[in-house]
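Order as written gives the chain letters A, B, C and D; numbering starts at 1 within each chain.
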Amino acid sequence: MYSFNNDYSEGASPQILDALIRENLVQNSGYGLDGHCRAAANRIRQEIRRPDADVHFLTGGTQTNLIAIAAALRPWQAVISASTGHINVHETGAVEAAGHKVLTASCPDGKLTPDQIAGILALHTDEHMVQPRMVYISDSTEVGTCYTKQELSALSGFCREHGLYLFLDGARLGSALTCASNDLTLADIAALTDLFYIGGTKNGALLGEALVIVNEALKPDFRYMIKQRGAMLAKGWIAGIQFEELFRDGLFYRLASHANEAAGQLRQALEACGVAFAYPPCTNQLFPILPDAWVEALSKDFQFQFQDKPDSTHTCVRLVTSWATPPEAAEAFRKALLALAAG
Amino acid sequence: MYSFNNDYSEGASPQILDALIRENLVQNSGYGLDGHCRAAANRIRQEIRRPDADVHFLTGGTQTNLIAIAAALRPWQAVISASTGHINVHETGAVEAAGHKVLTASCPDGKLTPDQIAGILALHTDEHMVQPRMVYISDSTEVGTCYTKQELSALSGFCREHGLYLFLDGARLGSALTCASNDLTLADIAALTDLFYIGGTKNGALLGEALVIVNEALKPDFRYMIKQRGAMLAKGWIAGIQFEELFRDGLFYRLASHANEAAGQLRQALEACGVAFAYPPCTNQLFPILPDAWVEALSKDFQFQFQDKPDSTHTCVRLVTSWATPPEAAEAFRKALLALAAG
Amino acid sequence: MYSFNNDYSEGASPQILDALIRENLVQNSGYGLDGHCRAAANRIRQEIRRPDADVHFLTGGTQTNLIAIAAALRPWQAVISASTGHINVHETGAVEAAGHKVLTASCPDGKLTPDQIAGILALHTDEHMVQPRMVYISDSTEVGTCYTKQELSALSGFCREHGLYLFLDGARLGSALTCASNDLTLADIAALTDLFYIGGTKNGALLGEALVIVNEALKPDFRYMIKQRGAMLAKGWIAGIQFEELFRDGLFYRLASHANEAAGQLRQALEACGVAFAYPPCTNQLFPILPDAWVEALSKDFQFQFQDKPDSTHTCVRLVTSWATPPEAAEAFRKALLALAAG
Amino acid sequence: MYSFNNDYSEGASPQILDALIRENLVQNSGYGLDGHCRAAANRIRQEIRRPDADVHFLTGGTQTNLIAIAAALRPWQAVISASTGHINVHETGAVEAAGHKVLTASCPDGKLTPDQIAGILALHTDEHMVQPRMVYISDSTEVGTCYTKQELSALSGFCREHGLYLFLDGARLGSALTCASNDLTLADIAALTDLFYIGGTKNGALLGEALVIVNEALKPDFRYMIKQRGAMLAKGWIAGIQFEELFRDGLFYRLASHANEAAGQLRQALEACGVAFAYPPCTNQLFPILPDAWVEALSKDFQFQFQDKPDSTHTCVRLVTSWATPPEAAEAFRKALLALAAG
């Protein structure tokens, strides 16, 4: 039984684990004020070409999203998201628990556009309604799609024109930046957003997300917010060491490329069998629409998540590959598919 | 210039004002622990045939909604509302500021149905999503429509079956209960909901809403919540006296009937001129769709709110009548309309 | 039975009530955007010699405190108060419910000093602790004492030097400004604080507090906060009319002087009987320490609140006079006291 | 330079690290729903003799405290703590950010008593004040002291009698349970509290705290709260594996004993030099009061934290030992001390 349930089913990339083992008994300062966190932050600053950026290491996506949003907004302000956005659906109301409304637009491909944001702004005109102040996007999105440089530039320009912070959730940024259709770099993202995070948990770290703040207005006192929300690790260097490795020699990109290649194998097999996709296949999350009988048959050897039921005889499922997916697992899936297609 | 902007443009019904004047210099206990609040609560308990109900007097709708919802929900729980619901659109995110997500369904006539709620429940199945625990409706709704006894009974049954509190926002409950199509009583509402409020501000009180709690589980410690959210009036009897009058001799219904009759005058005139309505005209809020030229002409003598623009030559406006609308104002509007229709 | 329980046992000053009656059926714009609120705000601006000040009318002290504090602070910031401060003891944790810690100093006379604040600042030095950002004081204080101009100037200077907002709770500001030892004016208070409120509820209004914001940084978007916390009255002009009267011709000061004079009568009688006070008697709240037998005897004809029990044979009580206290009530109390003292 | 700054300066106990390495590439279910978390929870249930207990694995102390407290309290309820309590001082107002007031008593030795709690209850009698509902203690305390079984039983009895939840912060519970004066077991703690946590971070885990809920009323929906506050690790088994090891064969106690023994070495040396302690030395935190000159001299080779300045020539510092403190480091400190004492 192999699981394509998600990209956080295994531990850490061996290179990362080795670094943790190597440093295990060295004494470090607590709370992220250590040399590894400093070194990792510097590597990220270099990678994004923003020596002035603030970099904080947190432990998970929901935590990073809620802290970034709650630190940026005043009590009456709201964040705009695709209705499929992780903060809107899968974070148990974490943003609302921090006091803020999530305003949503319906985005068939998971990507927000300036027009959709403009429509929301037009409806929020006085103090009887919340005040939109931030736009939240994810890249890759919750449905596996990616922003192009042109799309992100358009969003960025619109947000700056309208006084909206642009926050990019990069839980799966590695997969986005290494997929075939991508034309963005980390430096582009730093140039086009106000803050964003680089996901480690879903790209080969034991745990860890690197939150990058480029907008000066969002920097002051940020560590207070991290501590208050219970997100400041006593042994902060554990996250620092991992990002040091991820950005030491391109490991971050290699791990994500591996996940994308495994997804590519699956995609080719699915396409060869004439399978359609609910969303354009592009990164390490695929949403094929399969005959129900195939789903049942595949479930005997593979785990994957149910997405929805587009009609009475088909099921859309989610297949996720990771930095750790062995080529053999993808190959086994291909063979199983071909056998089903052959009837 | 006469204003049909809303039903809170004037002070208090003379009967209420007289009571306030009469009692002005009598000493009362503070914080709602006085004889007037007790007497008013008793009258309401009698009217709703629930001697066991708790009754609290608050000062406005947003305040009452946020306190009722925040007191009932645990941090991870959410309230379901029509997307047009007041709590979703016009309360500056007050529910979210209290930590709770508002889950919405699109309701063309402003009224929620069990099917819509079932659809939302089906999507909220585990701890990665908020937990729906309350349903919020308003009667009359934000678009002037009313629930029938059958509709409210169906909602009530569904909510009880699924462990959802049913909360009815009665800011304009008087208008609902006295409109031609109504078949509900206050006693029905108390029997079918867990808590609801009876609006005074929009029905002839200077200010005041009576929150009625019938579900035993929601009663304990409620005054703590009122005080904490800044809603406990030092001179609580000011609200008590007003509800004493509203429920002394049927004043509550007489005032609401007056508003409905004035709306009826406007409605007849509009229908006589062939005007269509965006929502079924029923209570003291009307949403006629007028030629733009008429809107411009009427604006010289009457105030009313813009609702939306259904096409390039028409505008939907909102006309609201009140307990204080003089028959002459409705008559003047009728004449102006007829003149326009006559070209 | 006459009640010295508090200064909000009666309705409104007749001058205020007359204005409400006179304007009762005139149509006004909702939500405080009416001519009365504008006129009242202008009178206050003139009185405090700050034409640039923002003035908002709210309905009670707890509400005003929580909104002012929550609007000014970022999530990790705290407010400093005397441990006897109303926000620390008698508001059911309203400030904490808005997310902020109240840091306290023990102040025997209810008044904070720069030294006490400095002591708190010295303990809050990094992101593991909350960040003090505002100082909350009340004048008169919860124990009936008042700040002198020198004391308030010292606090103001200290706060400005240390980047702390100074917020003055003026629920009983009228009594403070008209007491014998006072040397402050409303204009002084506007010059020395960042925001403060002028209490109406405890000085002859039916209800209403005028929040005055003089610090430019605290002005933007404030009405969003008022609406979100359920504090924006639909019939906002009800508060506006009352403050129009309070500041039309000195009514605010006359009402407060009356309360202080009645308290002066009580104080003289108490001193004549050799009674000591727990806090210096100064405004309309007195804290005499009485033999238990006297307390029992006086309770037959007068209501007042228990404060504490300094020893086994004495009780400290709180006597509060108001704008409405009839001279006869004070005289009756005096006679009762003298009879007790005479044995 | 050796650091006695704290007990979280190194990574993980080798036994724990080995388990993480061994399991690194095995696929696990996400979010703590895996076999390691189940096994670890079962071992803890067995250790505390409460097969019915719920066990959740979180990543840090502040996070665990805020979630436990926020999940247990209704909005108007407060938690009682020693004024030195971690939640009161060193968590950046996390409890208040979740909406709850922390009520404090001054405890010279860091330990709360029933009498102190009774004093707080006596002052909180109506809805104008917060409602105390939980008592927070830590064992060992922030000043290194421990509760005896008699003390904890007395607290437990008092809390049950007065409807207060008793929550024990066990960030350093290992050190408490293995110190010389201890007479409590984990089973006792489970029997005497409503919920508590067993600290891993400060006792040899990379990160992780095991929150144990024994009171049935606090169990429902707890995972919603964990997810909402950003505390649900995607790779939850990382915490699970660590607690599996800690409770496989007594490692938890062995690690803590090591820390206490190292502290014992330091304590003996300090006592031999005639040094007094600010708090009774007992666990792995020591608070010796040293001549300033010694502090300066020791700082050349050792790191430790400043605690306070009891007089003009002495400084109280905090020395913390850990599961990883090498005997050589303690010995070096002893020698340095003796040299200073010898002049």
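Keep this in mind: contacts are C-beta pairs under 8 Å (C-beta built on N, C-alpha and C of every residue); 3 or more make two chains touch, one makes a residue touch a chain.
Being a predicted model, the structure only gives us computed values, none of them experimental.
K.L.:
If contact pairs are compared by residue number, which of A-B, B-C or A-D agrees with C-D in over half of them?
P.N.:
Equivalent contacts to C-D are found in A-B.
K.L.:
Could you pull out the chain whose C-alpha mean position is farthest off from that of subunit D?
P.N.:
Farthest chain from subunit D, going by C-alpha centroids: B.
K.L.:
Measuring centre to centre with CA averages, how many angstrom lie between subunit A and subunit D?
P.N.:
34
K.L.:
Would you mind pulling out the distance in Å between where the CA atoms of subunit A average out and where those of subunit B do?
P.N.:
Between these chains, centre-to-centre, one finds 43 Å.
K.L.:
Indicate the whole-number Å distance between the mean C-alpha point of subunit B and the mean C-alpha point of subunit D.
P.N.:
Averaging C-alpha atoms per chain gives centres 51 Å apart.
K.L.:
Of all the residues in subunit D, which ones touch at least 2 other chains?
P.N.:
Correct list: 75-76, 91-93, 97-99, 127-128, 130, 224, 227-228, 232.
K.L.:
Which residues, counting only subunit B, touch subunit D once they are in their complex?
P.N.:
31, 70-71, 74-76, 98-99, 127-128, 130-131, 221, 223-228, 232
K.L.:
Can you check the complex and tell me which residues of subunit A touch subunit B?
P.N.:
Listed in rising order, the residues of subunit A that touch subunit B are 75-76, 78, 89-93, 96-102, 127-130.
K.L.:
Which of the residues in subunit D come into contact with subunit A in the complex?
P.N.:
Residues 2-3, 5-6, 8-12, 14, 17, 20-21, 23-30, 59-67, 91-94, 97, 201-202, 206-207, 224, 227-235, 238, 324.
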